[in-house]
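See the structures that follow.
Two complexes come next, and they have one chain in common, chain A, joined by chain B in the first and chain C in the second.
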Partner chain A sequence: MLIAVILRQVPDTEADIVIHPEDPTRIIGDDIKWIMNPYDEFAVEAAVSTAEEHSGETLAICIGSEKAESVIRTAMAMGIDAGLLIRRDSDNNPDIISEAKVIAASLKEQMPDLILCGREYIDTGDDGIAAALAEFLHVPHVLNVNKLTVDSDQIQVEREVDGDTLRISMTLPGVVSCQKGLNEPRYPNLMAVRKAQKKPLDIKSLSDLGDDAARMRYIALSYPPARSAGRLVKGEPEDTARQAAEWLTRDARAF
Partner chain B sequence: MSGILVWVETKNGRLRKSSLEAIQAGLQIGKNSEPVSAVVIGDRVLADHVAIYPLKNVFVISGDQTKTYQSEPFTDAFFQAFEVSGASTVIMGATALGRDLSARLAARMDAVLATDIISVDMSDGLSILKPVYSGKLIAKISLDAPRQVITIRPNVFDTPEETGNTAPVVVIEPVSSDIRAQVREAVTAAQDAIDITEAEIIVSGGRGVGGPDGFKLLEETAKLLGGSVGASRTAVDEGWIPYKHQVGQTGKVVSPILYIACGISGAIQHFAGMGSARFIIAINTDPEAPIMKKADFAIVGNLFNVLPALRDELGKIIRK
Partner chain C sequence: MDHTFFHALIVSLAIPGALYPFIKAVHRKFALLQKSNPVPDPISEHRVRVKELLSIFLGQQKLFQDFKPGIMHAVIFWGFLALLLRAITLFMMCLFGFQFHLPLLGSNQITGRLFSLITGMATVSVLIMVIYAMYRRYVQKVKRLINTWGAAFVLGMIAMLMITDLLFDGVFHGIRNTGFLWYSPFGSTLGILFAGSSGIVNPAMVWLGHFCIVLHCLGILAFLVYLPSGKHMHILTSVFNVYLRPLHRTGRLVKLDLDDETIESFGIEKMDDHTWKDVLDLYTCTECGRCNDQCPAALTGKSLAPREITIAENHFLQDEDADRILTGCATDEPVKQLIPDVVSEAAIWECTTCHACEQACPVNIGYVHRIIGLRRAANLNRGEFPKELKRVFKGMENNSNPWNIGASKRGDWASDLDIPFFSDTPNAEFLLYPGCAGSFDDRAIKVTKTLVQLLRKLNISFAILGSDETCCGETARRLGEEALGQSLIHANIELFNELGVKSILTTCPHCYNTFKNEYPDFGGNFKVIHHSQLLAGWVRNNPIFPAAVQLQDVTIHDPCYLGRVNGDYDSARSIINGISGLITTETEKNRSKSMCCGAGGGMFWMEETGERINHSRFDELMVQQPSQIAVSCPYCLIMLSDAAKDKQVQDAVKVQDVAEILLSAIDR
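And then the complex of A and B:
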């Protein structure tokens, strides 16, 4: 059984994101910490634990710049066997459908039985990679799974939709995106980190895989309108509550 | 060929508000020169409820495989309508199911996909605004492709006005789909609360709520105001409330009309998830908490005293 995970490198959630002063279409990337997209950790853990249980092999694929290799090495330290870095010069691309097409092309020679992604990329906010990849590979998908068990040729998963829980059976091969709650991602120990440096990593370029010209492009990045402090009140609960209600209806005209 | 096609999502026999907002977004992009049509999958009866809006056509596809949402038959059905309509742009709400359908459909259409957008700009071709880095920045992105799929953030666009006329309803016979991801069972949640991504009022709690018992007050308040309960990552990590309520960078991004932050300090990751709320009321014992400097109305006090009083006052307004 071959299990693939799709990874992305993103700025740390605590990073201050600053727009580049000379190029408003990108951020200053040099001064911030870059990490594995947090939801991808659940995908890596699911891939490694499933491979352990079913004696499978695992492959991590990441589209990114040179520095994105560190994300693949982290996944390898968590137990992933091999990696593929698809090189691109810029940090992120808003066209998730083209990315899915490139990844699908990279899997032509060795189609995995199961492909796992994180629920969403926290940089561009895109969550389309799993479903788009499934469509290009002509296989089924389920998004946002928080439970996953693998039988021989199918998997049982659960996902939440508007508060309801759906139990879904999906035949393999197929693609799943992983939600928080699916598992507890492992922390690699020092030995695993050292071993990860020696695992096989293949590097390809976007053009090897037939990437089209950019179909979406950033015109500009901007900061959202800053929220300034409003009114601050203290006193008896009844008084402060009445003031808040009056403000909402009279000044804010919220309702 | 041109035109705009909107997926009208239905839930429990009703149209979703975010789908009507998607029609409005379509009318904005079409600017009266491109026709906007709608697609209703599954619920034939509801087509008449959609036809009252300014649409060219309402396409209806219903069959045994589309009684409830499943990715493959819904993608097949929508793609049929897309081909019949001759449209080049597809719009839907960025709901859980809209996010599922839009990506698979965009791949099949070989379209670009712009998710969770908050504004459109038609001044020089089609470009959109969307929050990136979990709301820390806004990106203006041009869509230079012959086909686009767009999902819109709920509660941002208006709903369209009714026309007084009825758009023609066009019935399309569904093809038979290969269903390889099959929903075996749907366990319905006990309470009929609105998902926080679509709620107009969110009563949200953090560390100051103190435990699962504290969240009962928030739930009662939300229910009375017709809203939903949110939570900070701390409250979720403590196990006080399930993850589906989590607002923030590793939870959900919400855009309600009113966000009531109770006992939430307002870390950058939390603010990223709710900074676009139209109005924020914060209740906190600490006047120096970061949220108190970003709220439109900050109340210094114990939330267990202030929230019941606020609930009673707001209840009077909302009932009016």
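And then the complex of A and C:
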């Protein structure tokens, strides 16, 4: 059984994002910490634990610049067997469809039984990679999974929808996007980090995989408006309650 | 009355009969030591070691930390030293005749008479102390003592040895009709009693005398046979264990060579991963429980109890693992791992690395580095640790602080204070390094800001790193994450050297300790001072007389890593005592016996089970109902403030850093 995981490298959730002063379509990426997209960690853990259970093999695929290799190495330290880095010179772009197309092309030679990815990229907010990939590969997909069991060519998954739990059975091969709660991703220990350095990593370029250039591009990035200062009400409880109520009804028109 | 053929026969047969199993058992123990790993440091500085031998071994210094049982043990110990020569004499008397005496120790020589006086007193004193020991074990039922058959056997045996010696001595003097002799107050008095008014000792009593000297000798031999099998092995090993203590290792973890690709397992995974000193520690444990009595985890009912780890490891080594290690044969059975086969996994994650157990141990047994060794194996080899730590490690890795707050916000506490950056003012006297707590925790930031005000009042030049500052690596290393810890340390050293940092002023004793004691192992040599030391130096020359003097009791809580680990108990006290109106009150657990607040060793970042350590410590500090508790560590500050809030007494007692107390006195 071959399980593939799709990864993306994103800025750390706490990183101070600075838009490039000369090129407003991108951020200054050199001074910040880049990490594995947090949702992708659930996918890696699911892939590794499933492979351990079914003596399968695992492959991590990431589109990114040179520095994205560290994300693949992290995945390898978590137990992924092999990696494919699809080189791109810029940081992330908005065209999830072209990304899916490239990844699908990379899987032509050896189609995985199961493809896992995170439910969303936290940098661009895209959540379309699983569906797009399934479309290009002509396989089924299921999104936002928080429970996954695999038996040979079938998987049973669960996903939460508005107060209900959907239980779905899907025939492999197929694509699954992973939601928080699916598992507890392991911490790469030192021994595993060392072994990861020796695992096979294949590097290809976008053009190797027939990228037809993104059909979308950023025009400009801008910062969200700064949060305005709060309003402080002072005085006795009765008085402050009245002030607050007046402000909510009259000024803020909350009701 | 003299020795007979039977005395000589019994004793001369018994000696080889006892020596054979004794030597065999000791040889096996010695062979296990030889099979163990080398210790990291050379055994040097013999002058220091001899001093420790005199105070800790001969002087029994650490035993007096628990005073009454300390006296008991010391009297038995010193008594035994004197009685060693007496025992040799008694053996020789059995073999060669009762007139035997060692050179210079004959009963008509003054040295011999003094010796006789000393041994007589020793015999009676030891007997009294053994009765007291029995009282502690079986009447008082002191909690920390384990009542094994071995303990009962040894106490009974010592009592028997003393009684047989006295009775023999009594009969010996009775027959000779010596009357009272000043140099044998007990023996000669018994002699008078035995001889009675007739002046002739009853033949049955004479037989008793013969019986006693033989029984005494056989008793000593039985003791010898028993010695290597139980906790009384300490009689043989404690002298070595005290002498061979790793000096300069308190608060200084052994650096692991992470670049050596041939190492396939780090830390302590199995018995063979111990050094010979660790194994000697196991042999030397007397199971007295003084460590447990001081351990914050054991005191609050957690699964960690240092003594129990040592006992479990020792039993496992002796009973199960020794043959495998000695023969070196690979069997089909997998080698047993210490966790979970011998030590519970939960226990190693409950250690605050406060070193109270090591301070309490009368025979210098080391604990903290062994627990860290077990953590290192769990962490580096297996990636196993309490799951809440994952976020902490990721925080340190990605944002260089355990809170995982954005690294760019690290200097925000100083944003309105106009403090120069070190890169702009490389001639500043100090690099002020507030550390993670002092940069990110609201309560600790107040202390950092207070210190800034004080430094300005004192005209001391300083600068900060702002958002370039990174975590010192102390906590990562104590949590067994050596790789992360080392990467933080290397990054800091590189930055400090690049900027030309010479002196670092810390607010956190953990940063202080790691900069001072651990960074040199990585090539980082900086002068380090804790803010309480800097301020104390100033207050000593400039006592504070506040305009409005308020009489207040201040209880001082000694942080582990300033006090026990670095021996500084006085800085905080100097500051408080230098302020007119403030009176320091001391708790029972102060100075070297100070109880940890519960935060050290990364415990701050883990879920705590059972009674909370900070609550327990807080209650102890409140016994004298002080109006203030003075600390000099941000983690102690947070833990004890939290305890005050939990107990809803935060208005009755102020938990403050010494810097805050000083500033408010200056401003008052």
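Convention: the second predicted complex is superposed on the first by the 246 of 255 C-alpha atoms of A that agree within 3 Å, B and C clash if a C-alpha of one lies under 4 Å from a C-alpha of the other, contacts with A are read in each partner's own complex, and residues count from 1 in each chain.
Please note the rule applied: contacts are C-beta pairs under 8 Å (C-beta built on N, C-alpha and C of every residue); 3 or more make two chains touch, one makes a residue touch a chain.
On a predicted model such as this, the values are computed, not experimentally measured, just so you know.
K.L.:
Between chain B and chain C, pick out the one touching the greater number of residues of chain A.
P.N.:
Answer, by number of touched residues of chain A: B.
K.L.:
Quick one: classify A:E14 as touching chain B (first), chain C (second), both or neither.
P.N.:
After superposition on chain A, A:E14 lies in contact with both partners, chain B and chain C.
K.L.:
Just checking: does A:E238 make contact with chain B only, chain C only, both, or neither of them? Give me first, second, both or neither.
P.N.:
After superposing on A, A:E238 lies in contact with chain B but is clear of chain C.
K.L.:
In the superposed arrangement, which partner chain does A:R73 touch: chain B (first), chain C (second), both, or neither?
P.N.:
Neither chain B nor chain C is touched by A:R73.
K.L.:
Quick one: is A:L190 in contact with chain B, with chain C, with both, or with neither? Answer first, second, both or neither.
P.N.:
Only chain C; A:L190 stays clear of chain B.
K.L.:
With both complexes overlaid on chain A, does A:L221 touch chain B (first), chain C (second), both or neither?
P.N.:
In the superposition, A:L221 touches chain B alone.
K.L.:
Give one of first, second, both or neither to describe whether A:I35 is in contact with chain B, with chain C, with both, or with none.
P.N.:
In the superposition, A:I35 contacts chain C only.
K.L.:
If you stack the two complexes on chain A, which partner ends up touching A:R88: first (chain B), second (chain C), both, or neither?
P.N.:
After superposition on chain A, A:R88 lies in contact with neither partner.
K.L.:
Based on the A-chain superposition described above, do chain B and chain C contact any of the same residues on chain A, and if so which?
P.N.:
14
K.L.:
Residues of chain B touching chain A in their complex?
P.N.:
Residues 11, 69, 71-72, 75, 95-97, 99-100, 102-104, 106-108, 110-116, 127, 130-145, 180-189, 191, 193, 195, 243-244, 249-250, 253, 257-258, 268-269, 275-276, 278-281, 287, 292-302, 305-306, 308-310, 312-314, 316-318 of chain B touch chain A in their complex.
K.L.:
What does chain C use to touch chain A in their complex?
P.N.:
258, 261, 264-266, 379-383, 385, 387, 390, 393, 398-399, 404-409, 482-483
K.L.:
Enumerate the contact residues on chain A facing chain C in the complex.
P.N.:
Within the complex, chain A contacts chain C at residues 12, 14-16, 33, 35, 184, 186-194.
K.L.:
Provide the residue numbers of chain A that touch chain B in the complex, in ascending order.
P.N.:
Residues in contact with chain B: 11, 13-14, 17, 19, 27, 38-39, 94-97, 100-101, 122-136, 139-144, 146, 160-171, 174, 180-181, 214-224, 227-235, 237-238, 240-245, 247-249, 252, 254-255.
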